[in-house]
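Each of the next two complexes has subunit A plus one more chain, namely subunit B in the first and subunit C in the second.
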Partner chain A sequence: MSDFTKRKSKEEVISSLKGIALEMHNKMERGTPPTMTLPVRSKTNIAFDQKLEVYKYGKKKTIRDATSLGSARQLLRSLYVTEFIEQMIEAGKSSTLREMYYISESWGHGKFGTQNDSNNLAEDLEIVTKCLREDFKLRPEEDGARIIGDVTFEEKNRKGDWMRINCRDDVGDSGYGVPYNVESEKLKLITEDVDFIMAIETGGMFDRLVENGFDEDARCALIHLKGQPARSTRRIMRRMSDEWKKPIIVFSDCDPWSFRIFASIAYGAIKTAHISEYLATKGAHYLGITADDILAYDLPSDDLTKQDLNALDAELTDPRFNSGYWKEQINLMKELGKKAEQQSLAKYGLDFVTDTYLPEKLSAIGLDY
Partner chain B sequence: MSDFTKRKSKEEVISSLKGIALEMHNKMERGTPPTMTLPVRSKTNIAFDQKLEVYKYGKKKTIRDATSLGSARQLLRSLYVTEFIEQMIEAGKSSTLREMYYISESWGHGKFGTQNDSNNLAEDLEIVTKCLREDFKLRPEEDGARIIGDVTFEEKNRKGDWMRINCRDDVGDSGYGVPYNVESEKLKLITEDVDFIMAIETGGMFDRLVENGFDEDARCALIHLKGQPARSTRRIMRRMSDEWKKPIIVFSDCDPWSFRIFASIAYGAIKTAHISEYLATKGAHYLGITADDILAYDLPSDDLTKQDLNALDAELTDPRFNSGYWKEQINLMKELGKKAEQQSLAKYGLDFVTDTYLPEKLSAIGLDY
Partner chain C sequence: MVDAREITSKQKQIAVSEFFEKNKHFLGFDSLQRSLITAVKESVDNSLDACEEARILPNISVQIDRLKGDEIRLVTQDNGPGIPRDAVEHVFGKFLLGSRFHAIRQTRGQQGIGITGVVMYSQLTTGVKTKVTSKIASDSSAVFVDIGLDTRKNRAIKSREKRDVWFDDITGEVVEHGLRIEARMKGKYQRGKQSVFQYLRMTSIVNPHATISLVVRDRDGEVYEQGSWKRTTDKLPRVVEEIKPHPHGIQLGTLQRMLRESEERKMTSFLRHNFSGVSMRAAKEILSLAEINENRSPKRISTNDANGMLNGFQNVKLLPPPTDCLSPIDDLLIKKGLSKAIDSRFAATVTRNPTVSQGNPFQIEVGLVFGGDLTADGPIEVLRFANRVPLMYQQGGCALTKAIESIDWKRYGLDHPGGKGLPKGAAAVLIHLASTNVQFTSEAKEAVADNDEVFEEIRRALLEVGRGLKNHLKKKSQRKKAKEKFELINVILPEISKKSSKLLGKPEPNLSPVITQIMNAVFCEETLGWNSEQKLATCIIEVYNYTARARAYTILVKWPESDTVKIAVNPLGGRKEAKGIWAWRIETLDPGCSTTINIGISGLTKGDWVDTDIFFRGNGDIIGATKIDETLLEEIRKMEALSAAQNEINEQYSETEVNHLIQRAETAAKSELEKEIIETPTPESNSSSIQNGSPTLFDDYNTEELE
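== the complex of A and B ==
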């Protein structure tokens, strides 16, 4: 496993960050312009890692070199961000990426142009220091997932106390809200009495399965992904897979964006390919809605838009979808010219999904219940 | 108070819905085409109700008449929806509005054209029957609010047991997730030890106030609105205002959409003006970010877009904003040509909002802490 999975102390995080400043300083003393070397972060530079069984960045590199103005600005920002993170760690604080963007107002030439700049830099620093953004105390804006089912976690609360929460008995209808940091210093996996984990794209379907008692009938934990899953959502699934040896089953809409959600869970996301072995769960299974399902279950569907078609074409050149299964699904969807939502199963009534669809689909992969 | 606030039994709900069918049937027997009379649901037909102190629909009506095809279709749908709701109530089920849209696939000529049609019809039926959508067991897609602070609720879980949850001690960092139904049969307000309730637009700012311990320092409960607040979010604020007599303070971005969020909380939303006395909290206070704040605190801001300017102009002819305060704010924002986010306060560091901004703004309205 890479260095990322070895948890670092506060001191190690600060020292890794300071290492960047030191290296720049040393280069300047030697009369060499400071540089920072980073992998190219696009789909043209990800490849399957045979050992880790997830997609990682390949060999293509970009070099930030202080002799060009844009790169020099990025290096300056790295120094300001380092200082900011050090202050947060010392004060026991965290901040959103958006707050960091605004804080850069006082960084002179280091001020971020856009929010995207600050997000990317946080990931760059992960790559260079082999620390995690969570170690840097930087949080995303989006909410984490919700979980319902017979699994028990311990979360360290603001006061430093460990609270034990069973996601079936100790939560209301909306379930357990996953915090942004799900590493062992913040969250522990305690006990479970489930056979698998089902990750669900939409809130409506999550609520349907909860109301129908699917978690109890099928002995599973349900996770609401909330669209493109946050890092903490992907990480907690990976931990449940590693520590509890439970299969991760993904149940989403049938559209190109849902395929990407699955790819980020099972293979690794392009933006975070430097930590795929941390966030992605090899062997996660795409249950549906598949393009075949639209035909097999005669589901209400919508026409693919131009954006949808472009996204499907992009997927055909994405190494993560370079398998017989995905090529077939993508080509079938293009042929049909249709996409369908999870909730379209309601065409046959509110119980069809739990009485018919899921038992059939789960049985096909050997998960009878 | 109107009939809406008297909670109805399952039998009363079913009988109200059947009343619609009966009335149509009777008219047809008499040889008269069935009709349904509804208020015009737009800003041109809302007015301040002196007694209820919220905005309600005025006198303009539209009549659905079975002699036109579109109206006849709507009447047919009403009958199908009535039957569907009755089945759900009897089975102890609920459904999302999206599911109802898909279920209408089998309703022949009653099939909904768009999701919007099904949403609007649910509201129409509320008006005609004086029941609530929650009585009909229809749920929205969006998640409810999150709450953190020293307030205690009891929520009835799926098994019918009442669970007591303190929103400071019994929840993780993400807080208590408000369910879609917050009526007394589902949720009880038990105890509180706070001086006010602060409703916050963005997740980033909610998390900031939580991390800074603002709920404890300022003795308040914090609610994350998640943008335009769900009905359950507005309703739970109204209940906390009524039952606990606590002021509701709204802290949002400074842009035209945030002003609408506030209006829906304090005055009533246009789409739900038939139940404003149920969802809106008279006396809710808009704390900021105000247009003045952009100047007073020299906040980082963005230029207003064409859409923003159109929204501001629309607000100038919205009766809810027809006050000196709002006219001044809206005109000042137009004059500046700028909007600003809550998180822009981070320009002055992560503690500025809790050390300086909120104490100053709260003190100005007599809420010193």
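== the complex of A and C ==
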């Protein structure tokens, strides 16, 4: 197990955070500007980790030093955040990232400019200290996924009692809402009676599959990703894959952004590459819609925009897409100059997706039903 | 049988009203909107000219009221000298067509057909006579009279004439002298770029000595638009001298007419007395080239001989025409005028020396304002003027606009997509062409015709203000950077130190070596201000040394030195380096230390001195100051010596010939000098600061972008 998956004690968290202050203080004592050392967080610094089988940050480091006003402010903010987290740990409280953003109003020159600043800094601190933001008592506000299917969890409710929930029988049409914390102290995976787990990009398609009873017909659990999946969504998929040994199938639109969603699920996201082994599910499978589906099923499509083309070109130099399959898909999409939505399948009727498209695609990878 | 005289007279009668009808568009009376602007223009131009001649500071008010239908009432009033009773019908009732070719000087009234056009237009569109009230200082009462036009006889018809005391409509006081014109005409008031408001706003910029006001009222008496532009100077424009034409600008027809009307008996005296720039020697050379006997009578010169003379004009060395016939606005006054009309952060103005094109003296003035209220999206605002008259139409076809478009504005910090058309950004550019003979593209007199010399002069002036803008923008970004650094070391760093020490329970480290490492530079910051108690323009220069070793510098500041502008407060002493350049020596500036220089300047008014350049001499850069270019400084001293010598000669001899000779010598010396500077490569030591486009020191030297 890596540094990340091993949960840290309060004392360990505080002492790692103080390491940041120590780096700054030591530099100043030596008469040089204070610094904070971070790995470079871009596609140029992610590499496949043979042992973990996911993409992780490489060796490139960036040094944030107090020679410009912006960086100096970031350093000061880190110190304020350290102090704030220490206080929360002592008091046994937690706060959302957004709450921290508002609390920073009283931090004078350490105040955040935007919510994005505070989110990024929380991630910086995770990376530098090798702690999780859950250790920092910081919660995201991101919307967790919804699940429908014959799988059963136990979730600890606010009263501290374990509550058993079957995601087919105990939920309404909107499914089971995945909480932000899906670690074992909060959520247990109990039983399942499915053959695979299908992650769906758009709400419209998720609802279509639910209405058509696809989860029961195909013996699967459906997860609505809600666009770029939140950390907890990726984490619960990883746990279901690890603990239940079920394949994860991704069904998304056919555009450059959907490819990135898949990459963050299967290989690890660039922003969270420090915890890829904890969030990414190796072996997740991209079912569709593929670029060749646009041709094979003669789907209604839109022209690629300039931004789409730029995104595709960027993917061609992204190490995560450096495989024969992805190069072919990306180049084919560029050649067609087209993209298509999941819901374009409705061209052939509302049941086409469940009666024809998915069975054909699944059977091609040996998941007949 | 009809008398022959009657026939010619009749033809003439028809011609006058027909002429107006046919040429309405040339005369500026085409659309309802434009007719109103033209009417205002004719009367305001007249007022300004009259006040200038009578040496009165003009107060001009314009009032426009909408009446029924398309009709409007236009009332203009000035505090000028007024018109004597006998002259009223002459001024308001005659078309003065054709130009007075013997008298050449710069006047506003080169456009249109004057106030008679207003009377004519009013009569044609509404049938209502124009009410004129005139009071001259020497009369005890004012003349009140209605003026109409007898188009058959081409003269004014006066009616309801009376004499009375004239009380001002608004103040109710007795008017000492002035003129009031009330006309009723068809017209339309429209707001925008081509409006009476814009015309008056532009007029006020180039006539900073005038106070102008405008009120436009709707039919119900509600104020629709109003403007008020107060004078920013009590200095009237200089009286312009009339000059004789210069041979280089003469065409055959004109020459023949001059020969015919000449009263001289000999050709030599004809040439010397009727032209400027022709000496006895030159006259003889021209005549010998044209193979004309010096003693021949001018009246008897044939077309062929006249052609020979024209040829001689081009091939004989002539003195340039005198340029005191021009009335530039003066760069400081343009700056005031611009800042009165436009709220901006930066203003640069340049008045070029007068020069000559085809025998016509002309002078270019340019102003550029940036920032403030100006909007950043869309092309810059162009303010064009010819002889202090705003040009409001045909902007695209005008040589003044083309000159702006020919500059690579990107180099000077403005957005210039594709390097074509007008640049974009929060800027306005003013161009004033003063000339005894402004060449327009058409009779409408709204666009200046292409002329290489004029074009080149405008370009040089624009490059100068452009450099000023670039310098301003560079300084702005430097200042921002410096401010950030100061915040970093004075605020953020101490807090990082405090906070980290507290978290770790350790003592706070000594920050001074850290600060030196972060800054590692010498900073200079100047603040210009105004001391209202002592009436002094102040400049405070602070120099901070944030490097690890002691420094020594000479700090130089550019200030607007003149006969009336002096340094009144200067505790540190220092010395004069050249005209407008003062220098102080800072012997030692230890690491982490700062020093302050402050001066107070008398003879300026608030807002005159808002931007300056700081230079330094010494090793290592100073952020916020420019390394001084010693070669340029040397040239300035030379020029100073030259002009001092010239003043001495001027005092000894006052003969015009001598002046001309000096002028020529000066022009020659200056152009030599310009050439030399362009050709001399910049010395190594200065190359870094000069080549990346930092400001050159002095206005008349162009070290960049000269083809």
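As a convention for this text, the second predicted complex is superposed on the first by the 328 of 369 C-alpha atoms of A that agree within 3 Å, B and C clash if a C-alpha of one lies under 4 Å from a C-alpha of the other, contacts with A are read in each partner's own complex, and residues count from 1 in each chain.
In the analysis below, contacts are C-beta pairs under 8 Å (C-beta built on N, C-alpha and C of every residue); 3 or more make two chains touch, one makes a residue touch a chain.
These figures come from a predicted structure and were not determined experimentally.
*Asks:* Under the stated touch criterion, which partner chain does A:103 make contact with: subunit B (first), subunit C (second), both, or neither?
*Replies:* A:103 sits against subunit B, while subunit C stays out of touch.
*Asks:* Taking the superposition as given, does A:69 touch the first partner, subunit B, the second, subunit C, both, or neither?
*Replies:* A:69: touches subunit C, not subunit B.
*Asks:* On subunit A, which partner's contacts cover more residues, subunit B's or subunit C's?
*Replies:* Per-residue touch count on subunit A favours B.
*Asks:* In the overlay, answer first, second, both or neither for which of subunit B and subunit C A:359 touches.
*Replies:* The answer is neither, since A:359 touches no partner chain.
*Asks:* Would you pull the subunit B residues touching subunit A in the complex into a rising list?
*Replies:* 88, 93-96, 98-100, 102-103, 105-106, 139, 141-144, 146, 155, 157-158, 163, 165, 170-180, 202-204, 207-208, 210-211, 213, 226, 300, 341, 343-347, 349-350
*Asks:* Quick one: which bits of subunit A touch subunit C in the complex? Just the residue numbers, please.
*Replies:* 18, 21-22, 24-25, 28-29, 31-34, 66-69, 72-73, 75-76, 79-80, 82-83, 86, 108-110
*Asks:* Provide the residue numbers of subunit C that touch subunit A in the complex, in ascending order.
*Replies:* 484-485, 487-488, 491-493, 495-497, 499-501, 503-504, 506, 509-511, 513-514, 517-518
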